[in-house]
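One chain, chain A, links the two complexes that follow: it is found with chain B in the first and with chain C in the second.
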Partner chain A sequence: MTPMRAMVIDDSRAMRMILKRIVTKLNFEAVEAGDGQEAMDRLAELTEVPELALIDWNMPNMNGLEFVTKVRADPRLREMTLVMVTTESEQSQIVRALAAGAHEYVIKPFTEGAMIEKLALLGLVPTGANS
Partner chain B sequence: MTLSQSEFNFISTMVRREASIVLAPGKEYLVEARLIPVARTVGAANVNEFIAELQKRPNPQHQRKIIDALTTNETSFFRDREPFSALTDVVLPELIKSRASVRKIRVWSAASSSGQEAVSLAITLQEALPPGWSYEIMGTDISTAMVERATKGEYSQVEVNRGLAATQLVQYFERAGAHWRVIPSLRKNVTFKHMSLTAPFPPMQPFDVIFLRNVLIYFDVATKRQVLQNAAKILRPDGLLFLGAAETTIGIDDNYERVAAGRTSAYRTRNAVPAGAARRG
Partner chain C sequence: MSVEVEVNESDLAEMVEQVWESYLDPEGISPLIPTYDENQPSEVHSSVSITGSWSGHVVYASSRAAAQRAAAAFLAMEMDEVSEEDISDTLGELANIVGGNVKAMLPSGAQLSLPQVVLAPESSARYPNAQRISGVYGIWEGEPVSISMWHSSAENKEEGE
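The block that comes next holds the complex of A and B.
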């Protein structure tokens, strides 16, 4: 069976490493991008669209919210599950991200267990994957 | 510094006597780790000094703090998920039929800790019940500190990341400084009270659903039986009891039978009228 792919989009290399480690543990193949524009470029090159994207909000060139909006406007990327992973913790920001088309929202700092629970909520990993 | 055998025995005897909790040998490290902050708050130099002082002069207040420290457990919103899905998919649709004349559902979250389970139940009922229905969630815990915390209804950023969907977070919580607070319209349906499961139960109105999860595991068989018998008295005849995944009534209290509830199991008292559950053979 082909493994699922997860795109990890964050301008912090350390955060990309952390997220990559989590998704790899959950049997995803990880693809990295340092900002929204780089992520869009990578998506244009890829023949198979990743099932999941973990997206930081504040990044140079193209921020996470712009990325979510662009992905939602592209029929080829319709099936991607989008999860914001950000320090932006205001209620209004969460509402904005969800309205733009993000499926879930994880506020930094987060634990590995919290991230796995969110992915379980989205049906991308089995419930209890972190137990 | 580690606990001596006699210090561990002193603590385990005390918590067994006061809270019927069994601390098996091998839990010395856990006990010490939980008691370090307690010793600090009462001004003792270390856990050994704290225990020595307690051995000389029994202090009910300090005993209460020890029991609180040893019985407070990590929890999260919608923990284990399946029981909540079972409520939404199977149990509540049946209760909505059978309670049509009263239009009210009562749920008990026993050993409610910091309240995430009770709040998750409130969200579940809020979303599942038709307009015009009401519900009451009662959370009880042996720890007075936890009851106070749960009553406040405030959770940290890390806590709200765990188990809540983002849509639920923005719909049922509001920012309170660095924390998130349960909105008043949800909170008014949830009350928290101090209660020891091992003491005689106070008078309570019967419940349609009881969540008694991950608490029986701490008790010896006689205490488990007593808690289950007391719970049966306040569970409506067609009500359901949910236990933790590693817990059962089988071999402890034959007055219950296990029934399928969605993709998990629940328990009802024998000869009860089914409500949202099919007998599991």
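The block that comes next holds the complex of A and C.
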């Protein structure tokens, strides 16, 4: 069975390593990008679109909200599940991200268990993958 | 214009506890033990600045050994595998996470800067016209760690000039 792919988009290398560790544990193949623009560039190169993107909000060049908006406007990327992973925890920001097309929202700091639960809710990993 | 805001020690302590639970001590065996000593020494620090509805800085400071331990925990590495880049990235992300959560408690319209990391002691000279208003000071695995909040205001600026 072909493993699912996850794109981890964060300008913090440390946070990318944490997210990559979690998704790899869940049998995803991980692709990294340091900002939204780099992620768009990587997506243009990939023949297969990742099933999941974990996206920081505050990044240089292209922020997470802009990335979500661009992905949602591109029919080729329509099937990607988009999860914002950010310190932006104001209600108004969460509403903006969801309105732009994000499927879920995870606020930093998060535990590994909380992230896995979110992915299970989205049907990307089996329920109970955390146990 | 900056408005009055109060993010107290208890709020900061709650954020810090979440950071420890999520990244630095997920097993819950090595908490940050409070010292309440705002003058405890540091060897490295990171900060994010907040501007807009409130102006100031959130600063994470620690000994180098604590920073190395934090990077090892954050990145799931052995202590002797940790590089300077790992320490720098981890310190930046810790300031970013705490700063982002502080920002969420401020009136809307605040913006968070990208983190700055300095592998040198925290110094009030780095935050001219700012006054420390709140902080969590503690010992983690025998090493000093602090997270503090500094407020920049027009009044502080005038006093500093």
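Basically, the second predicted complex is superposed on the first by the 131 of 131 C-alpha atoms of A that agree within 3 Å, B and C clash if a C-alpha of one lies under 4 Å from a C-alpha of the other, contacts with A are read in each partner's own complex, and residues count from 1 in each chain.
What we mean here is this: contacts are C-beta pairs under 8 Å (C-beta built on N, C-alpha and C of every residue); 3 or more make two chains touch, one makes a residue touch a chain.
Note that this is a predicted model, so its numbers are computed, not measured.
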item: Fit-or-clash call for chain B and chain C when the two complexes are aligned on chain A; value: fit
item: First (chain B), second (chain C), both or neither touched by A:V106; value: first
item: Which of chain B and chain C A:L77 touches, first, second, both or neither; value: neither
item: Partner chain(s) touched by A:T86 [first = chain B, second = chain C, both, neither]; value: second
item: Contacts of A:P60 with chain B and chain C, given as first, second, both or neither; value: second
item: Touched partner set for A:S12, first chain B, second chain C, both or neither; value: second
item: Touching partner for A:E117 - first (chain B), second (chain C), both, neither; value: first
item: Chain B versus chain C as contact partner of A:V95, first or second or both or neither; value: first
item: Where chain B and chain C come nearest after superposition, their Cα distance in Å; value: 5
item: Chain B/chain C common contact set on chain A; value: 89-90, 109-111
item: Residue numbers on chain A that touch chain B, as the complex places them; value: 89-91, 94-95, 97-98, 102, 104-107, 109-111, 113-114, 117-118, 120-121, 127-128
item: Contacting residues of chain B [partner chain A, same complex]; value: 76, 80-82, 157-158, 160-163, 165-167, 169-170, 173-175
item: Contact footprint of chain C on chain A as seen in their complex; value: 11-15, 17-18, 21, 58, 60, 86-90, 92, 108-112
item: Touch list for chain C against partner chain A, complex; value: 18-19, 21-23, 26, 71, 74-76, 85-86, 89-90, 92-93, 96-97, 99-101, 103-104, 108, 112, 114
